[in-house]
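All chains are identified by letter, namely A, B, C and D, in their written order; residue positions are counted from 1 within each chain.
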Amino acid sequence: MSELEISNITKDYGATRALHPVSINVERGEFVTILGPSGCGKSTLLRILMGIARPSAGEIRLAGTRIDPLPPETRDIAMVFQSYALFPHMSVGKNLSFGLRMKNVPSPERARRIEHALEICNLTGLVERMPRQLSGGQQQRVALARAIVMQPRLLLFDEPLSNLDAKLRDTLRQELVYLHRRIGTTSIYVTHDQAEAMAMSDRIVVMDGGRVVETGTPLDLYRAPTRAFTAGFLGQTNLLTADADGTRARLPWGQLVALSAQAKGIARVSVRPETIAIRQDDTGAGTVTSVSFMGANALYTVGIAGTTLKVSQAGGESLIAAGSRVSLDFNGALHLLKDRELPEAA
Amino acid sequence: MAVVAETLPKARARVFHEDDRLLVSAGLYAALGLTIALPLVLMFLWSVADGWAPPNVIPRDYTLSRWLDMIADPGLLRAALNSTVIAVVVTFATALIALPTAWAMARFPFRLKRLVEIFILAPVIIPGLVVAVGIGQVFLFLGLSYSITGVILVQIVGTLPLMIRLMTATLETIPDDLIHAARSLGAGTVGVVLHIILPLAVPGLLAGGLLSFIGSFEEFDKSFIVGAPVVETLPIKLYTFLDPYSLQLPIASIIAFILLLPALIVFVIAGRILRDDLMAAGMGKL
Amino acid sequence: MQAALHDRKIQLALLLLPGVGYLVLFFGGPLVSALIGSLRLDDGSFTLQWYERIFTRATMLRGLQTSIYYGVAPVFVSLLVSIPLALLIRQNFWGRKLFNGLYKLPMAVPGIIVALMVIIMAERGGFIDRVIAPFGVSMPKLVRDEWGIGVILATVWKQIPFMTLIITSAFAGIPEDIRHAARSLGASRLNTFAFVEVPLAMPGITAAILLTFIGSMGSYAIPDIVGSPSPRPLSVLMLFEFGEGRFAQVYAMGMVLSLFAVVVLLAYYALTANIGVNRAKGDE
Amino acid sequence: MNARLFAIAALALSATTAPVFAAETNLKNLDFDLSKVTRENFYDIVVPAAKAEGTVTMYNFAGSFGDAWKELITRFEAKYGIKVEYSDVKGAQANQQLIAVQKAGEDAPVDAYFAGGGDYPLLSSAGVVGNIPLTSILPNMDHYDPAFAQSLFGKPHGGAYPLVHLNQTAIGYDSAFVKPEDLPKTFDELLAWAEKNPMRLGVTLPSKGGSGGGFIYSVALNYLTGECRTKLTDYTLTAEQAADWAMTSECLEPVWDYYRKLLSVAELTNGNADTLNLINNQQLYIGTVWEDQVMTFIRGKQLPDTFRLTLLENGQVGSGDAMFVPANAKHVAAAMLLIDMAIGKDFQAWKLENKASRSPRTDLTSNLVTPETAKYLLPSSVYPRLSAPAFWDMAKALGEALDEKVLSQ
């Protein structure tokens, strides 16, 4: 039995279906990210988990207890909001003690837990401050502290880092990972930022159009996505069709590559840019159409055999100029996508 | 509490030349003096003047006897007490009635909202006399005429629209997330109302409460028709001296001061509490 | 029951109930009874005579015109004062905080006292007249005058704070960036004001106009005391009819006045609905 | 309603000193036998009953009369030990309140109501007035003016609606500006004076003050003759009939004509006090006024001490205000006792001296006032000679017609 079992949850708004039957299991102590573009249904799912919205069908169990009919305040779930949702009329300390008072936690216990939360969130000394006197990062940490002080069974994060600048976001992301490791609370983290998802999660649930597209560890999803959407959403990729003849497939530029699974006929595959080696070659079949230097690597677009490919090359002393002819070489296993068709111009 | 001036963003205050600022100050305060202070002073002079005929610019003789007579009237104290009790009850009742409705207006999208808005605004539009005479007939039927309860009920008709609008404007500014956060932290409906909504609604409640208090304290038309003369409030007691067709300037001036004083005190206090932006949001958007 | 409470429609109804229900009971009820009363004779039979009187009697017809005049004229004068005042008080001048509190005092002054002040100050032979008499000048007629200047003055005095308050906030609500953007695009301070700030503040300004119009159209203490004895606005005539115990006539006049106000309000809604600026709220 | 009026009229005709109302009384809360009360045994029966009631509520409709009633109440409470609950009211509203309460069958909130003389038709037709032959049984009414004892301005009341105060509309002038030889003595002379002194005459708008209402009725009395005058003084007309006549009759052309000429040279004011205030400001020299209100203003130093009064030939309206016991009053005996004291000679003399409030007592004339007061009263050369009885419903009708026929044209 998983810690959190989401079974066949749907949500309809009138005639529109915001969530198609969604089922997700989360193990105890796991950090699961729900990743998807805006409008994919992840926020709706979060609201249902929290109890702000009610599912149209399906059920949710937390530690074996069915919680979907319960009001939010009895669910033993705490949430960190995108807007932080700090109570503007309460000091940091009051914000932290609010939930404990609501749950009638006795005063000495309350003080101890607040002290602890402040300490692990690096907030010591700010107890008396009002929210408006805090910086964005501090507010974010207070929001986090306010949630973990509850020692909930489940922590929900709703894009909690999206209102911060890039640098702070990186720092806080690391802090969050570290923190999760320390407290070990089962967590669900909602975001549309794939980098964030990959950096933090034990497991990622990819959602699109109100459905769960795919679930897996960051590594699996990145390396061997089974859906074009996942492949495209997690990092960059080239979505190609290949002619498969059982164990091998032919890539558009003619290279024959081993398949990870048996397939015949038209196969849809995802080829990561960094899995293709590029080499300047006046007799090569490809032509570089553009070059972007990214620092750690360089990204080329290459026109070859009627398609355009993205190719990434690490380091290197020099760049290949646009217009140069190149030859390409894929080295790795081709993972088949299960999609019936590929999205146009992926 | 934000003092009125501070509600304007700091950046708005442009830098002025020292002379300009003095000039603006001098001009504005002079205007204030001529249009508000001077009439009040003249009215006070009338109340203590023992005869004031042309060409005297200020009275030659003074008397306090009118003031003393007026203040000695035991009915005055009773009426003031009545007014205070009624105003307090009206203020609290108005807030209590207005809150849920304002919440609905602020938080629920629904189709007939415009219509409900107009209906809530309607008591401001319909002349008080019509409402009062109409309600007088209804109250007589209900046995509420000429009772304090009746006066309170009819006054709330006048204070409710402003309170609902002010509270709607206030409640609209509370982010959904705060309420969700409170709920996820274990607060039930009561907890959310008590610890989140009410504290955050305080500026609106204060503004609306003060306006309701003044509105009730000064209300004449409706209270008069529904309550007078069995229930005497301060305005009912004093307006008999302000009968437009026989008003005597000295007496009327005294009455004006007695009527104005509490309102002015409340308003000066209110100046520190009333938030311009809320007032404007409540009344300034239709 | 529990489920019913979670139904948004039922929640909405329950929440609306106290306020709207109260007004339906203690405002709508009397209003309907007033409406019925305005269409009835003493013996209960239907009549339009009370309305007929309003639209056939010269006194009443002129009264209606006068009501509208007393509603409209002060609004224009108030605007002329309030907009500059609103602009002035956002400057950083000495004693601004105090001024901000003081200028609102007239809001707390009952109309009848305002009228009294006008009599004391501006009546012929009154204070101002006595002050300027030594210079051989005398006051023009401001009380009981044909154009109702005394009424307009008194009404304006009472309206200005309310109007200024709303207009100040309307201007304050415009993001600083928008003004800066306009200036950076080459607009002068005046142009920025005229083409950017005023249009953006318009919803607030028009609402202030509407509310003050409705307020002054229905006020009676001021026109009763400092207005011309003839014509008298409908509100004053209404009070007279009340004194005569002709409730049906009072109701009918009240209905006509209210109807006029409501028509103006609806016209306002219709006009502003297309502008869209103030539709952000309420209909989402 | 007419039947009731006839009944009252019939009773009024047969009224003697003996009580006659025993069977017909409309009083609801009698706690003593009213039918046994006579002038002779009044105090024996009424005083104990009143003391048993212990308290009495009084309404006063006249804003300027508060201090007079305070004086009366002090005397009354001292003498009888009965508490008086006193309220100033607005006549129109209090009348409607009484009528509504009466309709609902509830007890009246007031026991002794000082109400306008012109309100009698309204109040009596609604059955609000308690049928007590006060003028026949109150000991202090033994010197009561027979002109008002049984009827008021042509309407019979059987003693139930006795005036306790008489007042007089008049022409007031500042003798510092109007020389005795220039003082108008007739309506024509008044117009001529106004034409010679434009905007120095103030005329109160009839619907905004009795001095104006009285004036327009006086103008009509002056210029109407024959049948027209008969109609004008037909007290049996109801308010509606009077209004119809005033709005349509050709008879009134001379009145409108007079007003058209007058208002082109005179100032129309917003009330009795408005007129006086303009005289105090030395903007007006002559104005339409009430005699008693002038005294209040003189005492309050709001009029120059050169201010004097006169009446125009052919008469100006004199009126009065009554004190009565409502049919549903709770403290009838105490109310009767209070009215008795109000009409007592002592209080009436005090009232005349201090408020220029004339008395319906035949034994009290202006000869009794101090010379200091006398000079502000109407001189005996014109009063009561030129005092004409009021007909307020007609005066009101004329006022409304004036608005329609002259002012709004």
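Convention: a contact is a pair of C-beta atoms (placed from the backbone, for glycine too) under 8 Å apart; a residue touches a chain by one contact, two chains touch by 3 or more.
Just so it is clear, the structure is predicted and the values come from calculations on it, not from any experiment.
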Out of A-B and B-C, which chain pair has the most contact pairs? B-C
Compare the CA centroid of subunit B with every other chain's and tell me the farthest one. A
Nearest whole angstrom, what separates the Cα centre of subunit A from the Cα centre of subunit C? 57
CA centroids of subunit B and subunit C: separation to the nearest Å works out as 16
Subunit C and subunit D, separation of their C-alpha mean positions in angstrom: 39
Can you list the residues of subunit D that touch 2 or more other chains? 208, 270, 274, 277, 280-282
Residue numbers of subunit C (touch at least two other chains): 119, 125, 129, 224-225, 242
Specify the contact topology among the chains shown, as one of line, ring, star, complete or other. other
One finds touching chains in the pairs A-B, B-C, B-D, C-D
Residue positions on subunit D within touch of subunit B in the complex are 59, 63-64, 67, 86-90, 93-94, 97, 100-101, 104, 109, 208-209, 270-274, 277, 280-282, 293, 296-297, 300-302, 304
Mind pulling up the subunit B residues that touch subunit C in the complex? 3-5, 7-9, 11-16, 21-22, 24-25, 28-29, 32, 35-36, 38-40, 42-43, 46, 54-57, 96-105, 108-110, 113-114, 116-131, 133-135, 137-138, 153-154, 156-157, 160-161, 164, 172, 214, 218, 220, 235, 239, 242, 244, 247, 249, 252-253, 256, 259-260, 263-264, 266-268, 271-272, 274, 276-277, 279-281, 283-286
Contact residues on subunit B for subunit A in the complex? 175, 177-178, 180-188, 191, 195-196, 199-200, 202
Given the complex with subunit D, which residues does subunit C contribute to the contact? 57-59, 62, 119, 123-126, 129, 144, 224-227, 229-231, 240, 242-245
Listed in rising order, the residues of subunit C that touch subunit B in the complex are 8, 11-12, 14-20, 22-23, 26-31, 33-34, 37, 88-97, 99-110, 112-113, 115-117, 119-121, 125, 127, 129-131, 133, 157, 162, 165-166, 168-170, 172-173, 176, 203-204, 206-208, 210-211, 214-215, 218, 221, 224-225, 235, 238-239, 242, 247, 250-251, 254-255, 257-258, 261-262, 265, 268-269, 272, 278, 281-284
